[in-house]
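Got some structures for you, see below.
What follows is a pair of complexes built around chain A, which joins chain B in one and chain C in the other.
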Partner chain A sequence: MIKYILRRVGFLILTLFLVASITFFLMKLLPGTPFNNPKLPADQLAQLKAQYGLDKPVWQQYLNYLWGAVHGDFGTSYQFTGQKVSYLISSRLGPSLQLGAQAMVVGTLLGILLGALAAIRKNTWVDAVATIFAILGRSIPNFVFAALLQYFVAFKWGVLPVALWEDGFSSSVLPTIALAMAPLANTARFMRTEMVDVLSSDYIELARSKGDSQWQVVARHALRNSMIPVVTIIGPMAVDLMIGSMVVENIFAIPGIGEQFVKSITTNDYPVIMGLTIMYCFMLTVVILIVDILYGFIDPRIRLSGEAN
Partner chain B sequence: MERILEVKDLAIDFATYAGTVHAIRHVDFHLDKGETLAIVGESGSGKSVTMRTVMGLLANNARVVSGSVKLAGEDILHKSEKALNQMRGNEVAMIFQDPMTSLDPTMPIGKQVAEPLLLHTKATRAHAMKEAARVLALVGIPDAQARLKDYPHQFSGGQRQRIVIAIAIINHPKLLIADEPTTALDVTVQAQIVHLLKDIQAKLDTAIIFITHDLGVVAGIADRVAVMYAGKIIEYGTVDEIFYNPMHPYTWGLLEAMPTLSATRKRLFAIPGTPPDLLTPPQGDAFAPRNPYAMKIDQEQEPPFFAVSKTHAAATWLLHPDAPAVDPPAEIKRRKQIWAQKEGNHDYR
Partner chain C sequence: MAASKHIAPDAFKLAHVAATEKEYIAAPALTFSQDAMRRLKQNKAAVISFWLLVIIFAAALLSLVITPHDPNAQNLNYTYLPPKWGDLNIPFFNGHENGIDMYARNQVPKGTYFLLGTDYLGRDLLSRILVGTRISLFIAVIATLFDLVVGVGYGIISGWNGGWIDTLMQRVIEIISSVPNLVVVILMLLVFKPGLKSIIVAIAVTSWITMARLIRAQTLKLKDQEFVLAAKTLGESSFQIALKHLVPNLSSTIIIQTMFTIPTAIFFEAFLSYIGIGLPAPTASLGTLLNDGQKALQTQPYLLIYPAIVIVVLMLAFNLLADGLRDAFDPRSAH
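So, the complex of A and B:
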């Protein structure tokens, strides 16, 4: 197990390096410069470029960046003069992480519940309602949900704050719901399909022949076995959430990392783009690692070992 | 003899998109304490549906058209779901065909074996686990106590079937239904499992219904045999009667299709044709289209049971007093000769 995790961490570092390198060169292909004020005199522009090391050849900039990154220095922002990238990210990471985690937990748990209900009551109205709900949740983009929730729940009924991040938990409720719709719908579809399969399997019939009632069978045998493929989609769903949060954070004017990411790209704020990309990549690979470890706990047939397959 | 199971005039339909399938068409049989009844027949003959009815585990689209099923005197067709849950795994238990898929892959086997005990008795968890280890040892799992926490994938196919048997017998059921328990196993392992079932029967005095399409296995375990075809029992009798004095041409076909050491034929015999479509069961004898001995009346009228002995009867017009004498296949003649020698004075047709 420990050998397995160590090996995976090695791959994680390699992935981060590759992503950082690719992003660095792609970023250099972006049109424009960070300092595109037309009123800026040529000598000052040159001075700015020299200050940030942008006058050097690209390969040198690349090596400089890597050297800094290895030592924990991700540079300073061009837009927010003098602000360290690491500080910019860490000061804004909180709301995003909270939203992402809440949406993930709410989405997968409700999705598992909804999918299981649909499977148990297959071909009844329960199944139909759950299916419609899942299709809507999957096909309607989260910014539509965000706008609808804002308009009805917050503006018309005045139950929860319309936007901003000033009322603690209650500020997070509406964006969490908007974000959770997609993972909820995804999980529900996967759960239903798998559970229908599991419920018709031999070991469920054997459990019934032991005297388990319909609900005991579900709780003791069907749920856990149906959750195996659901674990698989947690990784991709985490990506969806990271991307989705950029838009939703914008709509609710939440000072999160997503909003920052969009802003940094439109202003060619190289160090911030780099820092955020590496951070997203890091979170994603960690999520995938956690998912793989989770597999072993849910399904005893998957044994984690250090050997390459 | 204590009567464990009494099935009378059982008829079951299935509603499908194509129409109503008459899966079981008026079946009668019974079983006494400690007895083994083998139900033989090809796929789709209604063996498993009959047994699922006894377990109260019929699919939602099934409908009991007529008949009664009495387990130890109690009618189970009209029991509530709750009463059925109390019955299953306690009074009647089932062993399934494929041990590779009939255990929960994500639950340790100790827990799975102990489950019926926890469901039906007031046993504590600790006691149930101890009991599980004892029963696992009884069915021949070596070092059972140490293996309680192991998962099904850590056992071989034969061992898994032993575990399934342990689950079935932990509550000492009156009736054990084995639905083709040896079909998915190697021949050597088959013999071990049959031996184990007989052993358990001797120890617990359980009645066993053994569903199979393998006549070879039947000879080794059963006291009596019922042959099913197209949703009906068409012949029943003691093992010797079915094996050495069969009367129904379908039973002849089954026995002929069984490989024997004395076989002279180069190719193994197969009954020609396929079973009838039970959406529209044929008017006369369902086996008539595949039966080389079929007469005109077979096409028109369903044969009733004709008694051969107190324990033996077959539903074929060939047994009618007016029927012409027919010449059975060579293999059946050979068997009937053995029967005649055994019985001494028995007439053989």
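So, the complex of A and C:
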């Protein structure tokens, strides 16, 4: 197991290194410089370049960048003069993490509930409603859903704050719902398939013949066994959440890293884009690694096959 | 028991069945794909989705030839006109806003109607939705092509060759997929100029990954089977085996996965245009329409709601059809 984890961590570092390198050279490929004001005198331009380290040869810039990145220093933002990228990211990480965590918890829990209900009441109206819900959750783009929520719930009915991050928990409710739709739909669908499988297995039959009630069967045996594979889709769902947060944070004007990313794209703030790309990658690979290790602990069969590789 | 005793054994006699009749099979033998089509046709949601998609495709293609109005023609006298369906007085579709007839106020000549209203530049929303849908479908077709050519090709080569080639190709996939694919797309769009070409390049880089993975796993299973061995023994080249023996056996995976790629590609385009790095103005796409609609949401909600309905219906139809196809081609997954 330790060998497996070490191998995975090594691979994670290699991936991050490659991603950092690729983003760096992509950014170097971009035409023009951040200082393309024609009125800028040559000596000031040279001074600015020296200040940002852009006068050195590319390989030296690259090594500097990597060295900085290892120490959590991603350079200085072009858009906000003098602001460290690392500071910009860390100061905005809070709302994004809170939203992401809330959406993940709400989405998976409700999804498990909905999927389990659908499986237990298979081929009834409960199943139909749950299926429709899951399909709609997959089909409505989260930014459309967010915009509609904002219009109807916040603007028309005035129940919750329309935007911004100033009313504590209540301003996080609508964005969380908008973000949670995708994980909810995915989990519900996955859970239903698993649970239907489990409910028709021999050990459930045995539990029933022992005289367990439906509730006991579901709570003691079926639920737990069907929940194990759901762990595997947490990784892909984390990706969805990161992507979703970019637009949802934008729509609700939440000061998170998703909103910062979109803002930096529209203003060509390359250091911030690079920093955030690496950040997203890091979070994603770590989430997937944790999920894989967790899964190995829950289900020993996976651990064995992982080591055999 | 008692009754049976009274029946004499000679009350029974052998029925005469002709030998040919015994061998006769009433139901026609179905091939795998015929069987799948039969199952698909039983799935009402999938059938309705299929016809919905046909209609949407037809309408979008028709917009190449004719649209109700020029989708990019601006007319500042006609800005923000609500929907009006001729002289039919249907609520929400009678050209009134807050009780005022906006058509009369803006002195729109009689006989000029905008079925779904106009946007902030006086452009006809219906025409723009039609053109936008066409772009979304075009992107869907492109993504499908990459899925079929690159994804299937990559998967088969990786799985078939095995060894270091496989290891290398899988590491490449792992690295690409460890970055959220939208981040890859966004980086691509920064290097190239935003536009249809860049979106296509971006899709080319990311969209085929899942397909390649699935196809590789299937190829690994297939390549040890007897029919492949037989083909090898007969001296067929790897390329021939892939084309004649592997691809037909992979067809259900290919069909199902393609159907799941399409909604993702449509979502991609809409997402990119929505955050402002997709298609540049004035091109209409579902994403740009949603973006414009979002800006006017508080006063003219229909500008967001109609494109939203179109994209939701499109995604819904593709998802339902994909589910139906999966259940039809892979009955074990259906339950």
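Here is the rule we use: the second predicted complex is superposed on the first by the 269 of 309 C-alpha atoms of A that agree within 3 Å, B and C clash if a C-alpha of one lies under 4 Å from a C-alpha of the other, contacts with A are read in each partner's own complex, and residues count from 1 in each chain.
Note that contacts are C-beta pairs under 8 Å (C-beta built on N, C-alpha and C of every residue); 3 or more make two chains touch, one makes a residue touch a chain.
The structure displayed is predicted, hence computed values, not measured ones.
Q: If we overlay the two complexes on their shared chain A, which of chain B and chain C does A:M1 touch? Say first, second, both or neither.
A: neither
Q: Name the contact category of A:S209: first (chain B only), second (chain C only), both, or neither.
A: Touch partner of A:S209: chain B, not chain C.
Q: After superposition on the shared chain, which partner residues are touched by A:I273: those of chain B (first), chain C (second), both, or neither?
A: A:I273: touches chain C, not chain B.
Q: Please indicate which partner A:A253 is in contact with in the superposed arrangement: first for chain B, second for chain C, both, or neither.
A: Neither chain B nor chain C is touched by A:A253.
Q: Which of the two partners, first being chain B and second being chain C, lies in contact with A:I140: first, second, both, or neither?
A: second
Q: Go through the superposed model and pick first if A:N225 touches only chain B, second if only chain C, both, or neither.
A: In the superposition, A:N225 contacts chain B only.
Q: Between chain C and chain B, which one touches more residues of chain A when both complexes sit on the common chain A?
A: C
Q: Looking at the overlay, does A:V105 come into contact with chain B only (first), chain C only (second), both, or neither?
A: neither
Q: Once the two structures are superposed, pull the chain A residues common to the chain B and chain C interfaces.
A: Chain A residues touching both partners: none found.
Q: Can you list the residues on chain C that touch chain A in the complex?
A: Residues 174-175, 178-183, 186-187, 190-191, 263, 267, 270-271, 274-277, 290, 293-294, 297-298, 301, 304-305, 308, 311-312, 315-316, 319-320, 323, 333, 335.
Q: In the complex formed with chain C, which residues of chain A make contact?
A: By the definition above, chain A touches chain C via 11, 15, 18-19, 23, 26-27, 29-30, 135-136, 138-141, 143-144, 147-148, 150-151, 155, 193, 196-197, 239, 242-243, 246-247, 250-251, 261-262, 265-266, 268, 270, 273, 277, 280-281, 284-285, 288.
Q: What residues on chain A touch chain B, complex-wise?
A: Spelled out, the residues of chain A in touch with chain B are 201-203, 205-214, 216, 220-221, 224-225, 298-301.
Q: Give the list of chain B residues in touch with chain A in this complex.
A: Contact set of chain B toward chain A: 55, 57, 81-82, 85-90, 93-94, 96-98, 101-107, 115-116, 119-120, 151, 153, 164, 167.
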